[in-house]
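Each of the two complexes below includes chain A, the first together with chain B, the second together with chain C.
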Partner chain A sequence: MSQNRTAIKARKLRTLALCITTLAAASAATAQPYQQDGRIGYVLTERHWAIHETEAKTECPQGMNSRGSRDLFAEQFPEGGDGERTVVDTRLMIEGYQYHTNTATTDIYDSLPFYEAQGDVSYGLNLDGEVSADDFKNSAGEEGIDNQLYRALGCIAGYRKDGPYWFFENDFMINNGYNRWMIELSGVDDLVNDDEVTVTTYRGLDKLFTDATGEGFIAGGTQRVDARWGQSFVEEVKGRIKDGVLTTEPITQAKIPWSQPGVSDGYHIFKDLQLQLTLTSQVAQGLMAGYVDVEQFNHRFRTNWSSHHQNYGQSASASEYAALKRLADAYPDPETGANTAISGAVEVTLTQVYIVHPDE
Partner chain B sequence: MGRSIQMFEQCFSSAFRPIAKGVKSAMGLLALCALVACSPPDPEPESAGTHALTKLITAEQYSNSLSYIFGPGIDAQVQFAPVARNEGLLANSLATAGVSGGQVQTIQSVASSVAKQVVDVENRQHLVACRPESIDGPDNACATQFVSKVGRLLFRRALSDDEIATYVEYASAAALELDGKESEDEELDGFYAGLQVVLEGLLLHPEVLFIMESAEPDPNNSEQLRLDAYSLASRLSFFLWNASPDDELLAAAESGDLQSPGGVERAVDRMLESPRLVDGMRAFFDDMLIFDEFKTLSKDPTIYPQFTSVTAQDAREQTLRTIIDHTLNQGKDYRDLFTSRSTYMSPALAILYGVPAQPGWTPYTFTDDSPRAGLLTQVSFLALTSHPGRSSVTLRGMALRERLLCQTVPEPPPGIDFSVVTNPDADYPTQRLRVAAHLETPSCAGCHRITDLIGLSLEQFDGAGGYRLTENGATIDATGALDGIEFDGAIGLGEALSQNPELPRCLVRRVYSYATGGPPESDARLALNYFNEEFAAQGYQLRNLLRTIALSNAFSLIKTSPSEE
Partner chain C sequence: MHLNNFLAVVFVAAIVALVSTASAAADTPSDTMYWQSAASGAQEAYFEEELPPGIQVVATALDGPVYADANGRTLYRWPLRALRNGSTGDRKDGPSNCTDEVLRTEVGFMSPYPAGLVLPYAEQGVSCTQVWPPVLASDDAVEMGKWSLADRADGSKQWAYDGFPLYSSHLDKKAGDVLGGTKIGSGGDGGVVRVPAGPLPDIPPGFKVLGSSTGRLLVNGDDYSVYSWDGDEANISNCVEECLNSWTPVRAPQVSADSGDWTIIKHPSGINQWAFRSRPLYTHNNDSRSRSFDGSDVPGWSNVYTQRAVTPPDEFTVQDAAFGGQVLADSRGRTIYLYNCRDDSVAQLACDHPDAAQDYRLAICGNGDPEVCRETFPYVVAEADASSESSLWSVMLIDPNTGRRVGESATASAAANGDGEGALPVWAYNQRPVYTYGGDQTPGETRGDSFGEFLGRRNGYKAFVLRDVFQNLHFRR
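== the complex of A and B ==
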């Protein structure tokens, strides 16, 4: 509970600080040459899985999933906690479910109900260019929105606003240098309308600069490109800017750093990754969407998140894995035909930085 | 003859430096001044010197001295109560500052900590040069060695045999008393516990906390006094290094070499070549530029979100690094500090400057089309001379006059209505329009005419030092004037300031005050003129100015008359 209050307060402060920063920075915008030689860089300063939430939780009419440790223990041992338990019957069994399940699409906790998000509204992009039965429409009424990840995760408390994943994945992104991800736009003639720009993704090396309140981020910082260990995060794609909105072509496969502190394998793989960002000289804000590799999502989840986060996030990795497999909608395995990736979207805010390359 | 030609060339070239576009100047008059100024300087005029003073050591001097004696690994950070600034410098007030009972307690806790660290098991092997026969009790021979060595460096003079015997006796008694006793869960070793007690007492001694200057008859003039050798060593050391004399300087004082022919020249030249000169000059410019105000500087985070505590810290550091590099490392003309585009950059500062930066501190040169050049366009000057939420043309103009030209801007008369300046009014979107009232009101105009025209030329920099072209949607007019020279913007102001004859004269006055511990009295006029001429003749190089002053009679002679104070 106190965790939630802290998260709410932090979010409010962050939002306030961002508003203040944007307003203040806007007044000085004319004087700062943020765009130099047709290049402008942005570093990721906020990200959350795009979960469409309503105040009345109409998207979860059956309620929220209850798969914290206590729920799972009660399910596993309905007779209660008395009596001796063996390691094999308890810890090893749970770990087996978590890390070595071969159950394919079967949820090991399938005796518990798993609630998917309902309705036809979601954030996201039309990744396949089609409008199909499972697609959503966005708040602007655009149809064909692909975001099955939202269907899988939308009724799990941990992913909703102020939940542990919502809060900590962002917090660890800010504070863990491994996660410094940035984009550089080059060939920019006009930040409002430009038919062709090049977008390159990099991993950065430097800390983020917070403002005087300590909550918001300020434009004008510097990030060095991680040319040594960051090569696998480098991708290049064409894009266009129309009415201040950048839309990129799909990146065939992009690796996005997404680690908890000190935990390896902390990244996600997006296939057909697209960016749709509203640009100013100081902030790029919008969506990052693509097909998320299910195996890597699961591997990352199980190796990056502790059981206590899963507990108060009311989630169970085995159940999520099963849901992701069940709802996966792209990249079928050539042998089994089962889809290996699931459409998803991330709400992102990037703040302008000067990107310094190794040869500069 | 060779020196005269060299000086003439130096002076001629500096007098005819390129003048910025937009700066109106009478070249003929300048040339005439240059010719007059470039005449070979006269020898130092007769001087009565200054008064021998008893000055409170500053916290930084105390820490620097302990760092020299015991090494930088000893934590000796101490805060003293602030002193009032007098004629531009805190250093001018140290002779009238005292130590309250509360301060003594603070210093005692530091002294206690330092003494404990020195005799700690991990440090005693290298900080206590001798080994006692037994650590469980007194060892007068080793204690004598320690007390005489450390006491000499702390007191800035050799201790007498009686003094040493007294302290050794204290150490012996404490060793017997404390051996085997427990302190903070540790069993004390008698010998080192005794040294600790004595060292703590030494660190609190009035002769350590106060710099007490003594005079002696000048052998060259029986009616004149001069600093005695130890006092001269201390005055030199605190002036140039901001710390007490090192072993070599004390040895020169003890042997008589310091005051023998050529002795002080040798000592001063060694000190000027030492890397410790950087510490001394950082302290001087920190004082002259009133950088102690950084301790309390704050900006409204809703208006200047990019100005953080790190920004403030780095702004101070940037200017000090720029000055040290320009004046000492590069040996360049002091006046060019106000036009130079070379500086240092840190990542936090780079945000305000709107430029990329590498990690740490790196040399940085503003491009030729940058609106920034010189100290006046650095964040330190711009932010310190602004209000928390807005710039101030008056504060900036006043700061330039008082800090850099040594002029005095009178306090405003009582009962002034500031609302027209502070109240945001859509009819007056810019500072220029708001402060126009200053210049239209006779009771204000007298003073504001000498400040606001300077500050208005810096209006393209906001209260945090960030660059801007507009204010409340209106284009900023950055025209201004300094003592009859008109210009447009900060670059022009820097050029005009660099050519203002009062700029180097002010530095000379401040350096001499700082060196001698008080504002120059009226009879110092001839000495100041001499320093000014030498400074000009030697290309306005700081190191040369320091040398001239340190070697002058005005620095080392002591007045026989009572202080004018």
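== the complex of A and C ==
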């Protein structure tokens, strides 16, 4: 009798093991999100302006810029100077210029030197399809890279790795749900090679799906589409996947959420926005590039970062403005002829999510 | 494979139900969602305590009940807070830091500017106590409960509540005015602010009341919103079966008892449930964030307030905003903005009132140029005889070139013409003009938000947010 019970128990254990193995195999076979309906979604989990940096800082031979309002104040209103320093003539003069750079007649930061990034190497994409003298080469030697924004910002410590803008803009992107930007690929037959897919951008409603440390992001989370308030962030464009890399046609104009805490509505406007992302079923990583609207860049910076915080990066929105205008390389103003947008690129990592539409 | 597919379907179905509920009823009228009529009379009840002679409780339009002096003027405290480069305000159980010293320079607490900058009003001999008169006690005053006496440098005694010396505001003129501060969260980089002192709300343990731009919101102990349903009857819950898939009755402990506005009812399931003003209370199962208004998107369901603000002027509208929420807007849908300002003197005086120095505002809105200022942040012009049933809103005559309030002697014809040379009748909130932003092109845009120092809180503009899904900015001034 006992031998029969032992045998029965052993058979049950083998059957159970077989069931577990079968279920695991079945799980693996259905792990590709797009294989169910040709859709796969990714949500932005990391982003930084594409700044080419060398250890020796050869791109900044004159050093880093020191051009915040604190630097300006020390230069123009030194302690012990002539007469009393008044709030109106010092602090409010600087604050007034900060918020009216586009209409002011003189640049109050002109007395401080501004160092552009040097050299011909940068990250980015060839946005205009041409190779010109002002273009960069990327680290792979590809020519025609358009990234004049790097020229303007590359020697400002705040934008470089571990600088305050580099760190905090990414950190607050993660923690501020307003910034939940995602893309959905549809019409996907194969994540390695597919001649035509559709890419749609959305704003999501939910928190990011993190690992147990809270620092890393894992695939498989869910993001509901913000259909009610997020309409201005929705764009659709065609793309293709070749050897696992997604590239898209340009999006004529895209609004990308980019807000610091406490601000209702920070965003960037990218014109001719393109994506170049290496795809897996869990992660999309690469570049987002386009022509960044200069006025909106300036407006966003001055409303999202206080003068105090801009000084962490030894910068000020007002002190960058002239460089952005000078280096702008696209979208000339029909009246003045001055370019209104500057080529730029953002290094991005997106993590796979299940995107839920309201009508599903 | 079949099990995984089944589970996946169940999971997706749950998500779809959640999304469908949230988006199905985005048309809940904002008038009943956010405000109450002036005739409603609903006011926040409070725990009574013994008060010194001459101190009373006064009801206010937005901040609930506050303590006031014999003339009805709101009493404020000034809690110590740290700014970027230093601290100011009053320590608990410490003396008052609001003195008779004439204020002449900034103290450099704000950053990034140094101390010693001469204030715009330096020649006017302004002191902290002129703007914030201390609430002095008589020689025979006796401490009681939370009411204590703080010694002032001149030998007089000042009333303190809960350890903090008390002041009135030179701006408050009549009972119910709370023009010197707010219970809504404020301060921080926006300056060390004064906060109205008041009794605790009469709510059971397990609940909180949060100050918001639309009134005093009731939430549970974890800050999750509580709701009521039009489908219930007075002290009777009809939320059963399918209703419970989306709503959970707020349970009352066995040891609780009815008190004031609060009753304990028996839910059909057998549990004890809280009811407030006879309306059974629930939490919304699909609220993914605290302080949510998502439940009010469902027809028949409403967030619960101890006291809502009274409806704003009829011409104002509510607009959906891309930041994820709603804003108060003018008749064209242009977002309304409030201007905030505090100087960096040791007293952290407000500079956002039309009777204060306008240099701060003119710098931000116009780089010193009043015309640029009016283009950047136009006033919301009102009909000269316009009025509002809400005491928070008024029409004020403003000199558009100086930004200062004009006395009542300004000519009516100049006001009616909107002549830039004459006074302009403008809408004001809490006795401060409101604005739109010239850069907002479409209804619900908020590009003018945070325009100014420290995100518009120290010297700048903030959108009048009614609801904010992602950042709860309607709980912040």
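Heads up, the rule we're going with is that the second predicted complex is superposed on the first by the 307 of 360 C-alpha atoms of A that agree within 3 Å, B and C clash if a C-alpha of one lies under 4 Å from a C-alpha of the other, contacts with A are read in each partner's own complex, and residues count from 1 in each chain.
Everything that follows uses one rule, which is that a contact is a pair of C-beta atoms (placed from the backbone, for glycine too) under 8 Å apart; a residue touches a chain by one contact, two chains touch by 3 or more.
Computed from a prediction, not measured in an experiment: that's the story for all the values here.
A.B. asks: Which partner, once the models are overlaid, touches more of chain A's residues, chain C or chain B?
C.D. replies: C
A.B. asks: Would you check which partner chain A:Asp206 touches, where first means chain B only, second means chain C only, and both and neither mean what they say?
C.D. replies: After superposing on A, A:Asp206 lies in contact with both chain B and chain C.
A.B. asks: With both complexes superposed on chain A, which partner does A:Glu79 reach: first (chain B), second (chain C), both or neither?
C.D. replies: second
A.B. asks: First (chain B), second (chain C), both or neither: which does A:Tyr34 touch?
C.D. replies: first
A.B. asks: Of the two partner chains, chain B (first) and chain C (second), which one does A:Ile218 touch, if any: first, second, both, or neither?
C.D. replies: First partner only, chain B.
A.B. asks: A:Val356 contacts which: chain B (first), chain C (second), both, neither?
C.D. replies: both
A.B. asks: Do chain B and chain C land on any of the same chain A residues, and which?
C.D. replies: 27, 30, 206, 222, 224, 354, 356, 360
A.B. asks: Which of the residues in chain B come into contact with chain A in the complex?
C.D. replies: 299, 301-308, 347-348, 350-352, 354-359, 460, 462, 466-470
A.B. asks: What does chain C use to touch chain A in their complex?
C.D. replies: Against chain A, chain C makes touches at 1, 3-5, 12, 15-16, 18-20, 23, 26, 84, 106, 110-114, 116-120, 189, 288, 320-325, 343, 359-360, 362-368, 372, 376, 439, 445-447, 449-459, 463, 465, 468-471, 473, 476.
A.B. asks: Mind listing the chain A positions that touch chain B in their complex?
C.D. replies: 17, 20-21, 24-25, 27-28, 30-34, 206, 209-213, 216, 218-222, 224, 354, 356, 360
A.B. asks: Would you tell me which residues of chain A are touching chain C in their complex?
C.D. replies: Those residues of chain A that touch chain C are 23, 26-27, 29-30, 68-70, 73, 79, 84-88, 90-93, 95-97, 99-100, 103-104, 176-178, 205-207, 222, 224, 226-233, 259-266, 299, 302-304, 306-308, 311, 354, 356-358, 360.
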